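Each in structure tokens, the structures are laid out below.
Presented sequentially are two complexes of chain A, the first with chain B as partner and the second with chain C.
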Partner chain A sequence: MLEHAPAPAAPSPAAEEIRDVVRPFMGLEGPLLPMLHAIQEVWGHVPQAAVPVLADLLNLGRAEVHGVISFYHDFRDHPAGKRVLKICRAEACQAVGGTGVAQAVLDRLGVDWHGTTPDGAVTVEPVYCLGLCACGPAAMLDGRVIGRIDADRIAAELGVSA
Partner chain B sequence: MKIWVPMDSAAKALGADDVARAIAREAAVRGLDVQIIRNGTRGMIWLEPLVEVDAGEGRIGYGAVTPADVPALLDGRLNSLGPVDMLDWMRRQTRLTFARCGVIDPLDLDDYQAHGGLAGLRRAIAMSQAEIVKEVFDSGLRGRGGAGFPTGIKWRTVSDAVADQKYIVCNADEGDSGTFADRMIMEGDPFTLIEGMAIAGLGVGATRGYVYLRSEYPDAIRVMEAAVVIARQRGMLGPDVLGSGRAFDMQIRTGAGAYVCGEETSLLNSLEGKRGTVRAKPPLPALEGFMGKPTVVNNVISLATVPVIFEKGAQHYADFGLGRSRGTVTLQIAGNVRHGGLFETAFGMTLGEVVNDIGGGTLSGHPVKAVQVGGPLGAYMPVSKFDTPMGYEEFDQKGGLIGHAGLVVFDDTADMLQMARFAMEFCAVESCGKCTPCRIGAVRGVETIDRIANGDPGAAALLTDLCETMKDGSLCALGGFTPYPVMSALTQFPDDFATHKEAAE
Partner chain C sequence: MKDFIIPQFAPGDDRDMGTPARNGAPVSLTIDGFEVVVPEGTSVMRAAFEAGIEVPKLCASDNMEAFGSCRLCVVEIEGRRGTPASCTTPVTEGMIVHTQSAKVRKIRKGVMELYISDHPLDCLTCAANGDCELQDAAGQVGLRDVRYTPGDNHFDPSGTGARSQSEARLRGGVQANPQFTPKDESNPYFTYDPSKCIVCSRCVRACEEVQGTFALTIEGRGFDSRVSAGAGFDNFLSSDCVSCGACVQACPTATLQEKSVAELGTPTRSVITTCAYCGVGCSFKAEMNGDTLVRMVPYKHGKANRGHSCVKGRFAYGYASHKDRILNPMIRDTIDEPWREVSWDEALSFAANRMKNIQAKHGRRSVGVITSSRCTNEETYLVQKLTRAVFGNNNTDTCARVCHSPTGYGLGRTFGTSAGTQDFDSVEQTDVVLIIGANPTDGHPVFASRLKKRLREGAKLIVVDPRRTDIVRSAHVEAQYHLPLRPGTNVAVVSAMAHVIVTEGLMDEAYIRDRCDWDEFQHYAEFISDPRHAPEATEALTGVPAADLRAAARLFATGGNGAIYYGLGVTEHSQGSTTVMSIANLAMLTGNIGRPGVGVNPLRGQNNVQGACDMGSFPHELPGYRHVKLPDVRAIFEKAWGVEIDSEPGLRIPNMLDAAVEGTFKGLYCQGEDILQSDPDTHHVAAGLRAMECVIVHDLFLNETANYAHVFLPGSSFLEKDGTFTNAERRINRVRKVMQPRNGYEDWEVTQMLANAMGAGWHYTHPSQIMEEIAATTPSFAGVSYERLEELGSVQWPCNEAAPTGTPLMHVDGFMSGKGHFVITEYVATDERTGPRFPLLLTTGRILSQYNVGAQTRRTENTVWHDQDVLEIHPHDAEVRGINDGDWVRLASRAGETTLMVKLTDRVAPGVVYTTFHHPATQANVVTTDFSDWATNCPEYKVTAVQVSPSNGPSDWQERYNEQAERSRRILSAAE
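Let's turn to the complex of A and B:
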């Protein structure tokens, strides 16, 4: 299956590195989500090695920490492609042809939802509304919003030939 | 010369950053003394990037501007829209909550104060807790997050509760398709939300607040975080709010991409660092909320409306509206529509006026087929219900709901069977998994709709039964209200379900 590109071999961070990243959040009320976001910010995903570290720091069971990570769509257990393209699948974008545009983009890249191109350049994810519902179909490329998209526009943004 | 170029994400999505850069570059080349202000949006998204220029005669609008237009813009040769405040879209609104949005520099606290900001908080500081709560009650404000619960009653419950710590939690999860009012105000006038939360803190005796802001809104997160820092530096937040001797401070927290975390108890679990499953009520969050303490959970627009209520008085706010829906509704007009954007007006305008008159009909020019009001859990309203006035009870009587007041317009190419299928699919993807009718029912729902599409004659009745089960057996509105879009599609647009059947025969 081409869309499951071999994940770039990510060296597993050491417990001490993980502790350094999350330590600033220890004083917060309900620190786990901010910690997970911080970890993902650094490593591009939440490495398995983070689970025992967080469990230990927060006095939680490993299963509990794992349960939290797996509940949320945002947290990945493996690295994404170099760029992350989120395409809105929700109703307001559908009303202006979003479904067709999304399919065309997926076809061009040769991936399915959540898939990464074989060269590891792009991961495409569905998103349910970006608050750009009056200028859809909408997408977000590495955190940058794009309105009234079509497949050509996305191809140009990604620098892939049509 | 002052030039405003919005930094609202809808404007950015349409190229506002490129336009702002082009203006700065061209002005530098020409040696012009130009001050570029990155404002919020005025809400006319079809005109974004909407640039405003004040060369001494007030703010003249230009839109939609491209970088290529910039030389002509600076020459004064570009066709203008005229004074922005005089545009029909602006003049027809009653902008109370959004009075400053698009007008001021979102992160300039002095500009904020020059436009009425902090007047409400100053007035609240001089009032007792009971008086603050009564003011909100008297305004008639109801929660804008979806359920329409009277905000004053919620605040009174928290105010009366005895505890060593209470919290104000702002629900900025805004997951509903077709809605962007929360995002717009956070990006365009963040201090009004902070001021509203501070007033809530004083009103119920809470010293800590959180904004739970969805991760899909990185721009709003940046603006809110910057605004909180400024508010703290300027003494609007902190141990001594505006010299009142009372404390209130707050933090911005980022969600993690779960729609269900917009449900208030799921949100509280998430904020505590747990899985975002829904909690059974009682206990009410007002009594046992964040960390088990009394907590006000309110939507962004509910809280951002509080400052103007205190600035102008509860009666002023309550004088607008229809029936038990008091004040203004911040309509978000979206989807296949010519004039999409934010339109704030007193409750009472009919759905048809909003879609055809304000929204200008469909973008495609085709006839309107349906309008989904209130997000993914809201009903599809057919054109035959266009006489329904925008009001909580009025919509309820017509089998619909106002929710967060987002309207998604569909033209005659929409396939309502597919929309019903999507509603079920969305529920299956986003279910928190706690109740079987929601978790399993939504998956069955998708299958059943596929059977209808394949011409199974008994499947429609099965879908109806399934929707009944979901309605009755779900703990929260995700499972409980998904039947709204599904059943409204099935009953109002039977042809879309029948053609598939005939095609298969």
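Let's turn to the complex of A and C:
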């Protein structure tokens, strides 16, 4: 696994619980990604225990499931903070000062990319294009996109004092 | 799609052509000014190789589909824009290709520079030095400099900007590099060094496409991409990896590297030979440094394996140089004495005198031989000749007695030949595969890989087996029907399938009328249509749901080319021969004999079981399956050998042991077989051996049988002799000597010396002369000679005037015996029944990493996968007995008892338990009974009524046995 931060101890769900979560997707064509999203929805990350369960259900090698999970940075191997802030680092946002904004946000929160604040409130992640190039620099907070960000706006959104 | 097939090459040319061969219509194109004609669908890269033009490549290899990731093989094609990858571009008529323009040279150099920017410059000290495709490709593209400054990389552990790992060591670990991952050395035979990986995905694709295990993946993306075995928490050993070596062979760098090469250096010469493990008969290149074997590499033109291998053939050869090997002859007066090392002369004259004295006192028929299915055809032939021409009787038998003798009988009765009907390539054209009582992923792994490939292409699978074996369900392969029958009910299940086919009118009547005896068929149809054979009627008996069985029968009858593969789960029963005949009936009913993609295919257990049977090892048959009662057959050999041959069939192994206990059989020459461990009812075997006056064991090791021997003649390994093995597809493959025998003599020489010590006067100087004698006396081998084998690589018998290059498919234009014979196959329950004292059914088998009695594999690193026999039991059966996973249990039957560790699994049904027989510490055959096949005496290993109960250590018997074994193995060296 690609480790970016020490994984906080997370309770590992039982195989039967995982099966219950993904069972509705069994009939789909290409069900692995929807299953992984569902798992992350429930547990906030894709626990390692899910790998052999999914491999068995879909009759894949464990390695293949691991290959898919690790390919997508969006799937995390440990739970994130309470809120997840994704800041765009792609070219268009960089061109309108995204790099500086991002650094200011990180500094204010006292974390690095992929880091979580010590109180577990916020996790900051890079993202490469949110499709919001006309309103850059852009970010996404808990799935909601925000355009024309600066450090103050993000702080306000997060409810963090300046 | 015939990915493994590389047809048009001179022997010995095993260049990698980049992409698989194709079979399309001819297409002509021009490459660098040369006109080339290749089949449609061929890649531009392969076409270039055909023309002798090598295009630089890294991610392409001709045993897997093109991938197009390395971008090194780019070419220019007139009239097309850009620079397409030659591996993924198929040829078109009139295409004009340039492989060496200034533009592609520049691109290749740039690509290579990027590769090397993240690869250590340790070439001189690298294990792949001289055997590295990255190194070769860098040379081909003319890389002269790497202009990138050291930045993020995977190879420098120190993080100081060192360009090589050795430099990093000198600079010291000032600052660790988080991208650096140390070597994974968990596999006993090879290492995975991520710092040398170029992420070409060849290993991942080899694992998927060639082996079919799907144990590897690329984890992460972009610069983070690395090869990963299993999931993130796995290493190679804990992953699904079966250590077949396909990834190691595919790796273009030292990332996946044999430990033996790292230790011994790159090999300097190679000899093509044949693996001495299972009946698949894989061809290997034994790669050598002087007389040291560096590694075994599967030979891509081997027609059985097509360049693939398994963990045994590829890696488990260490037994040949194991310290346990006995290299000097030894004798002793009684089995209670320690062994005395003596000269060959003394040992041979001791043995010869004893045998002669026994014959003088107890008669000509009081001695006999057991031939080995692990030795060559020539050696086996000499051993049976020893008993027939020198001892003057027909007391010869072989381990096929205990495995595939019912195949010989059953297929002989129905088809007229005692062998499988197909070659292994046939599986590539199969539509429905029916596997009965075979576990190919463990027992015949290379064939299993070819089978799985076909299944992934869409062929259907039916498995009849009491256990849920891996082939029933594993990554990307799933049987349409698994019929988990109760052990011992094979005939009932196969007959029920035939019942469905006949009563529902699904048989191929035109085929039957044309090829088979119609009167016999009508008689059979009447018999099999009886409602007592209906799946509904037999369900209670067999435990197979009637609906599944009906559906499986319909699928087999109507699904296209139907092929049956079976193993010892069919033969090792009291009705083994009946099951073989019922399988033959099923194939004839559905018209599935006589063309590619169909057939009846016994999966032979040992490397030369087929050959040992062919060579006249049975007491009633001279070479070529001809009965000793026939005077004209005897006349052929009497003329060749200058002796009179006994017209009475001799004793089978169980009869020899019975006669020994009765006191009428006193002397035995046993070559390369461990009957004490492998044969059923160990107590009885031990009693028989103990009663003999002269037991001569000819083997690599002091095996269990040698505990009861008076003479030990050291044997030679397959690396140390010339000869031939015949595999399950009747393919005669050459075994070539790659080093001198460590014991001084090849096994055929030892047999000859023993014969001559008894006055035979043989004077063979090379096994080719023995093959000449076989060809001269045996019609199906008439065209076989070492020259012919040299020329063709291998031949499948019959090879004679009618078929000078051999016979890949049997019964093409009609059965060898004229018409195919339907035989009535009435199910008769075995006498071995469960009851209150022994309520469970034990069935035995083998696993991937071990082989037979384990004499070879137990003396290799393969023990990391299987260091003891364990008993598989269903959790329900365990729970009612108060047994937990990993407990030590007592396994008892009417015949005896032993103890071993238990494993809880739902692979076996409730009421069934399973174990292997690889370890003498367990001696699973103490438990098996002396029930056997009605026609051939093949023991009923697969059904024993047993009880399992908690235990706290080895049984009294095991302790006594181990004590006796230890005492009996004492050796006084010659000096003492």
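Quick notes
In this text, the second predicted complex is superposed on the first by the 153 of 162 C-alpha atoms of A that agree within 3 Å, B and C clash if a C-alpha of one lies under 4 Å from a C-alpha of the other, contacts with A are read in each partner's own complex, and residues count from 1 in each chain.
Convention: a contact is a pair of C-beta atoms (placed from the backbone, for glycine too) under 8 Å apart; a residue touches a chain by one contact, two chains touch by 3 or more.
This one's a predicted model, so the numbers in the text were calculated from it and none came from an experiment.
Of the two partner chains placed by the overlay, neither chain B nor chain C lies in contact with A:D152. In the superposed model, A:G131 makes contact with chain B only, not with chain C. In the superposition on chain A, A:Q94 makes contact with chain B only, while chain C stays out of contact range.
With both complexes placed on chain A, chain A has more residues touched by B than by the other of chain B and chain C. Contacts of A:G67 after superposition: both chain B and chain C are touched. With both structures placed on the common chain, the touch criterion links A:D107 to neither chain B nor chain C. After overlaying the two complexes on the shared chain, residue contacts for A:N59 are found with chain C alone; chain B is out of touch. Once chain A of one complex is fitted onto chain A of the other, the partner contacts of A:G143 are limited to chain B, with no touch recorded for chain C.
Put simply, chain A uses residues 67, 71, 73 to touch chain B in one complex and chain C in the other.
Residues 9-10, 12-14, 45-46, 48, 174-180, 182-184, 208, 215-220, 251, 253-259, 270-277, 290-291, 332-337, 340-341, 363, 372, 376, 406, 408-411, 414, 419, 422, 426, 429-430 of chain B are the ones touching chain A in the complex.
The touching residues of chain C, counted against chain A in their complex, run 213-221, 224, 228-234, 239-240, 473-478. Interface residues of chain A, counted against chain B in their complex, comprise 28-34, 36-37, 58, 67-68, 71-75, 86, 90-96, 127-136, 138, 140, 143-148.
Residues 1-2, 48, 51-52, 55, 59-67, 70-71, 73, 77 of chain A touch chain C in their complex.
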